[in-house]
Amino acid sequence: MIKIKFPKLKTLDNVKLHLDALVVGAKEAIKPGTITIEYPRERRLLPDSFRGYVLFSPENCISCFQCSFVCPANAIGMKLAANNRYYPTIDYTKCIFCHFCVDSCPGAALRPTKVHDVVYKNMNEMITSTEEMVKPPKIVREDGYTVEYVIDGVKLILRRIKEKDNLIPEFKPHEKVKEYSACVMPESCLACGICVSSCPSEAINLSVKEKEKELKIDKERCTGCGICVKECPVQILSLVRE
Amino acid sequence: MAITLEWSVKIPDRAIEEKYWLNLKKKVIDAGLCSHCSTCALICPVDGIISADREIDFPDWEEKCVDCSACVRVCPRYDYTPLCDIGEYIELTAARSKRFKGQDGAMATEFMASALEMGLIDRALFVGRDEEWRTNIYHIRSVDQLKDTRLTGTKYSFASVLPEIKKAMKTSKLGIGVVGTPCMVSGIRKLQSEFSLFREKIKLVCGLFCTENFYHHQLYEFLKEKGVDFSKLIKTDITKGKFIATMTDSVVSFPVKELNDIIPHGCEVCIDFTAVESDFSVGSVGSNVGYSTVVVRGEVAKDVLDFIRENNYADFGKVIPEVIEKLSNLKKKRKKNIPEEFRSRIQEEVKPEESKESKESREKESEKEKTEKPKEQEGTKEG
Amino acid sequence: MTEKELLLDVPVQPPTELFLPIPKKFLEEAYQGDDYLVLVGPQHPGSGHMRIIVRIKGDIIVEAIPDPGYVHRSIEKLAENRLYIQNIPLLERPAIMDTGNLTLGYVRAIESALDIEIPERAKYIRTVLAELSRIGTHLYDAGILAVFMGHTTGFMWPFALREPIVEAITRMSGARITASFVIPGGIRRDVPWNVLEFIRKTTFVIERRLKSFEKIFIRNPTVIARLKGVGVLSKEDAIKFGVVGPFLRASGVEYDVRKVEPYEAYEMLNWDIPVSDDGDSYSRFLVRVEEIAQSISIIRQAVNELRAMPEGNVISEDILADYSNASSDIRGYFFKVFGNLILPQGEYTALTEASRGTLLYSIISDGESNVPYRVRAVTPGWYYLKGFMEALRGERVADLQAIYGSFGYFPPEADR
Amino acid sequence: MSENVEFLGSGIFAPFKKWGTKWSLWPVHLVTACCGVELAHAYASGYDGERLGSLNYGIARQTNLIIVEGAISRKMARVLKITYEQMPDPKFVVVMGACGLKGGLFWNGYHMVRPSDVVPVDFFIPGCPPTPESLLRSIRALQEKIMSGKAETTISFDKVDLSEIEGRSSAARPPTTPKFIAPTPSIKVDVPKDVDWEFGKKLVKEFEKDLNGLYNSITITAKNRIAISAEKKNIMAIANILSKRFDHVKNVNVIDLPHENSFIVEYQVSSYSDKKLMPVVVNIYARIPRDNPRFPSLVTFWPSADYLEREMYDLFGVWFEGNPAMGERFLLAPDTPDFPLRKDRKLKEEEYCFCEVRE
Amino acid sequence: MVDLGLLGLTMQHFIDNMVSIPLIQPLIDYLLGIPVIGFVVAIILWRPMFALLIFPGLATLMTVLLFIIWFERKLTARIQWRRGPLEVLRWAEGIIQALADGLRYFFQEVIVHRDAHRPYFLQFPILIFIPVLLPLLFIPVGNIVGIRTPYALPITVAIVSLIPVFIVAIGWASNSRFAYIGTVREAFMYFAYEIPFILAVVSMILVYGTADMVTIVEKQSIPGIILNPIAALVFFISTVMATSRLPFEIPEADQEIAFGPFVEYSGIMFGLVMTIAYEKMYILSLLMSVLFLGGGNGPTIPLLGDLSAVIWMFIKTMVVMVALSFLRSIYARIRLDQALRISWTAMLQISLLAVAIGVVLNLANVV
């Protein structure tokens, strides 16, 4: 335990403290340690893992709804696109940029960017539909320099590089694991067809014979999104690893 | 656990060329056979079939029903094989629980509590009631939750117990115990025969002696006319042909016959008094006051009974089988309401001639019993 | 806004319709006596987002009644209908500058419920993040204390020193302030070596600039005059009114959750807790300054330990179950692993030492739903609000701001 | 505000008015929520808002810009309205942070208000908290709006046609919510756990000796955690005995069990003075009926429980007899629905799918 | 030639007492030739009018006001590791920031809230300019002086001490709770610094033996600060208190009582009220350079004639103002009772010591 004790000050120490303060002030006035980034003209170099606006690549998306489920602010809604698939749309009025969606997307369809300094004039412009999330957005930029925090020894140096920072970092997707859904207890199946109608990639098909119904899961088409496993009323489907 | 990518499911043939729900509606509900056991509400994948305080219904079935035939496969009354008499059993005793107090011996509660303790099941479904005695279902997971008085005691109105099984199955690991009327028990047995998942999950099924059940709103208005104040009502009972509603300050009683006009159709065609297909059935008929008659049928129920005996959670007593037979024959009189094609399927239980000495010994006991207090019960008793 | 409400006059009789949480008789009493009722309101430049109703006789405060709740965002009600992992950003919002400690508390409650042991590297990185946010919060409160006493340099320098810390947290987690980096079982992704090296070097920058900050603010005679012997809270009062954290240690009680119930890597590192006896505003401030020095030494030791450790495994195996390939970066498997997290039945209480004091999370789960039944979060601000109000009693009105700043009272954290 | 911008743009002095206001947008010191951290960073040495002439000033009368930092609760809405009315005329409002737009993380909270319903807003900044750079971008955008007279969003997207990606023949059935809430859960606060904690076992024996007959059960629920269940009537007696060894309260908690028609009220106490008892947290709890919840207040033994009890009255409606300031609203605004934390007060549910293509 | 016969003033009267600037003498002669403009130029360059309009007077006051507000923000920013006002005029480091603020105030709505005493609320900020600007009349620069009287110093001090009365009136007129507390604090501070301030001036009068500023300046072969440094220190500290600058920013403590007496002002009224403190600082630093730094004395620059005294005086005043605004970034605000204790105990004793030194120097009539 460190005992904190502050001695009673006599007038002489008081004057010394006054002088210390004035000397420090004067020293800073002459040789200041300015660390200001002049934003409109300069921009701070952000790490590639910065959590800014989110980009979307539709071909990797398996519309598994996981980004919409995980969003703490319910900012992601899955919208029915023209090709009858559900794609995420981000409502930036509610988005808190926690990137749980980027971390949950099994198909690595959502990518982070370094775009963050954006301002809107009204709120309904902030709901970006899926079509708008594919191409990198164009923002108003007035910066000529990029400032990087560099420390050597005890000095903090703001190194100014005279080029515009590329706001779209290259993104290496995580290594995916092939999973497909299979039935664990076929004799309890109701043949209700809910898994057939909720499978986003139409991997399960139901054929009706005269006295019985045939169900078949196409291992290649199944993307392992897990919706059928979740929706099955009797919970008899489960995801199986390759 | 065979993991397959292709499998087939047998489906029953259609009575009418319409969606299976319409088949069910026409052949069972409109035909007056529906006993409101709500097994179809349990199995419906889109939770469309509603089991509430009115007839079973599927509101917007045109676009919600996926025509999967599950409801038709599980309905016990679809091709109805009526059951009657006591059916074979391992043991027939009367008992009274020491830990709980219920309608009579509170043996259904006792059985479920000891099953929970044995670790046979981890979830028991009980019928509780709110202020207006409307039924709602409680998921009981521990013994001390059963102390709540609103759970025990008979509620003479329909309770949609089976849809709650669907919710309980999601998270119950060991198994589920259910208490229900004979029609519910036959619904569960039909369900288990069709889908193996329910065989594993539903471990213990308790049947109740039941003559008939009522829709809550009909019973509620009927009793209101009789002057029953539901806020002060503490117990309802049918003994000696009389319906007795005891309240904190007064008692209202009237002969059961008057209830005949509000008996639903489903109960008029039912002749199963002692829940023949249950693991064990409980009722107040045939045992003296404060005791419940327990008919142990399944092996599982036998182990639970032995468990109760070891820890002597209950004390046991005499049972008079004739009284039970008398009542089940009384209920068999309803055979005439069953439609033609089903009546042929009833297997009467041929009474084996009794060996002489067992008969006298039984008559002696019955006189002794009669001298104490003549008793003749009717109606659904929940021990 | 009805016309009457905007009438800011000085009435003779007490206002009839008033939305203050004080009983009517208190008002009449104040108006009949020669006391003066001052509302140090939420918009007042000298108070945070709350109103303090101060009853003063002449220049001496007779009684101070708080009117919190201006930033009450119903965190506990929202936490009851979100998944367990969706609560991590939610429970970090009361004090976003203290992101490491607040998320740590909630996540440790989950881990104590699931009985999982997190890998060694995750423990050290969590300690570094917690200590970084501790330094950040102490600097934030020093800045606010300075602005309350009119010392603009005292406001600007701590926020300048916060910039390298915020840069460190950005490189570590991706977000400047709200990192939401701690997840049940470890942290979201492994921190590469150059970022850890940057963090270690940041501590040297901060230490050097703190020396000149000490001369211009901490040892400044006017600051000493304003803080010495003001808002004294004796040891018995501090315990009686439930004060926590550095403000409890400043009144002489040697209590720090990191020492009493050690968690993460605090056991394996050697550091010490500063305690002072005189309990006035200045000792509260000095205790926090000494804690910055302790946190700096903790970070340096932790980064040295981390240098020796193999990179990679930062999420515990038993929570990943069959997605064990995601043990160095949760990307791609976050919802698959945590989507259906269910805690066993019971109540799990976890205590953590946030920078402003003891932080209590108690999660009650019914063992079946993947949504907590009840999450009770009591933040340090809510503990020492009572002690703060009692410390104001008998002080001068002009000192209200100095005591407010010395307590580092942050209403969003207190109101939750 | 459109008429503000018109006022600045009209008349022969227009260029001076615009130039003067452009380079002197002083935000008022109205700290509303936790985004204040990033506002402070924007005006501190890191980014220095004063470069653009914008000085963080203290009083509403002398400023012309309000930066609403984050969440506005019902109580703060009145203050925001009064501050806005106090400001002299050409005034602008910038809302900062997701909480200020549509409630962000607290979108379905019962205490939240949208600033755009209280005051007319010029610019909205996404982010939680938005970075200082986006805050200075909003000052720049406001300056452009003043000079050019019309507001411009600083981001533009270009659309992409999705139809050629191979999709489904017909729309799939959207999945249901991932949240599963057990219908009638059973809540046990004292689930025993065998943990090797010698001191705890000794402590439990001491409690059994001291409180003989007063308690229902004493269980060790985890290391350093003991739960004592008791009846409401002898809570005061237990508190009296325990307050000799434990000197402060760490938590007053109420758990609502609507299906069992009861509340569990918990007091978690610990001790600062006794070194060995420091890590121990003892949880004393009792059940009380739900319709007229009254509970003896333990303020006399532990004054530190005062505000915790008043908060529990505010949120649950449990009346703590003996607490001096019981009954008044403490945390909640007068117009909030009362006792909001009870389970039967439902919040708006999440919505995962805009199934029909909207707007 | 307009003949103001009735006042008996002819242009000649002005030309006799004209500022002599050899550098631009031919230009002035040419301008005097033009009938009307000549007369105006003559009046402007007439020494007393020059003192009023140009040097210590209006023109310099306006430029100094603009400069010092910008310089203070720039200096504090520099000490606080940041850049301060910049983008207004990027190449000149934002020097016209105060102009932008002033323009914004000018066009902002002036709110007079319902309970303020409307006439006084609007008049006092304008009336306060009388005590603030009047002393400029008596401050000499070389031989340029408004009115030369032997009682110049007491009059200046008397007028300067009138300012707090007006500030109290402003606070009373705005009838708001915080303004009320602000005015009470202003009154307290007024008692605090007035006595040491006057004693310091008296000690300097004793040192120089005369109260006429012109003779004081002439007598200062050795600058006053060396003669009586203690009086200089007391004068400096009481200037800090008078202009309520940190560490004595108690009346307008914007964190505690929201900008004191001026809390209700907005728009141009606030512009005027905000500049009072700066103008008072300008006057007192002029007075300090006259009394202690030998205002106007200094090696004469050949071609400028009278202007060299003006330049020296300007430099010395700027030095004092820079010193005053340097304190803003160093100190925190001390409490009112601490300020009173400092002024009534320490400052009073030091100022009595200064008077004693003054008496000694007077007897030894050093100067």
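In order of appearance the chains are A, B, C, D and E, and numbering begins at 1 in each one.
The rule is simple: a residue touches a chain if its C-beta (ideal position, glycine included) is under 8 Å from a C-beta of that chain, and two chains touch if they have at least 3 such contacts.
Predicted model, so just to flag it, every value in this text is computed and none were measured.
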If chain centres are mean C-alpha positions, then the most distant from subunit C is chain B
Judged by C-alpha centres, the chain sitting nearest the middle of the protein is D
More contacting C-beta pairs: B-D or C-E? The answer is C-E
CA centroids of subunit A and subunit E: separation to the nearest Å works out as 59
Distance between the CA centroids of subunit A and subunit B (whole Å) is 54
Chain centres from averaged Cα atoms put subunit D and subunit E apart, in whole Å, by 51
Going by residue number, subunit C touches two or more other chains at 45, 82-83, 89-90, 153, 156-157, 160, 163, 178, 216, 220, 339, 367-368
Multi-partner residues in subunit A (2 or more other chains touched) are 21, 25, 28, 33-36, 38, 40, 69, 72, 96-98, 194, 197
Multi-chain touching residues of subunit B, meaning two or more other chains, are 170-171
In the complex, the residues of subunit D that touch subunit C are 28-34, 37-38, 40-41, 44-46, 58-60, 71, 73, 75-76, 78-79, 81-83, 85, 99, 105-106, 108-112, 128-129, 131, 178-182, 185-191, 193, 221-222, 224-225, 227, 247-251, 253, 255-256, 268, 272-273, 278-279, 281, 283, 302-308, 311, 315, 325, 328-334, 340-341, 345, 347, 349
Within the complex, subunit A is touched by subunit E residues 75, 78-79, 81-83, 86-87, 326, 329-331
Subunit D residues touching subunit B in their complex are 180, 182-184, 186, 188, 259-260
The answer for subunit C against subunit A in the complex is residues 82-83, 85-90, 153, 160, 163-164, 167, 170-171, 173-175, 178, 180, 188-189, 195, 198, 201-202, 204-205, 207-209, 212, 215-216, 219-221, 224, 228, 250, 254, 272-278, 282-283, 286-287, 290, 322-323, 325-326, 329-336, 339
Subunit D partner, complex, touching residues on subunit B are 137-142, 145, 148, 164, 167, 170-171
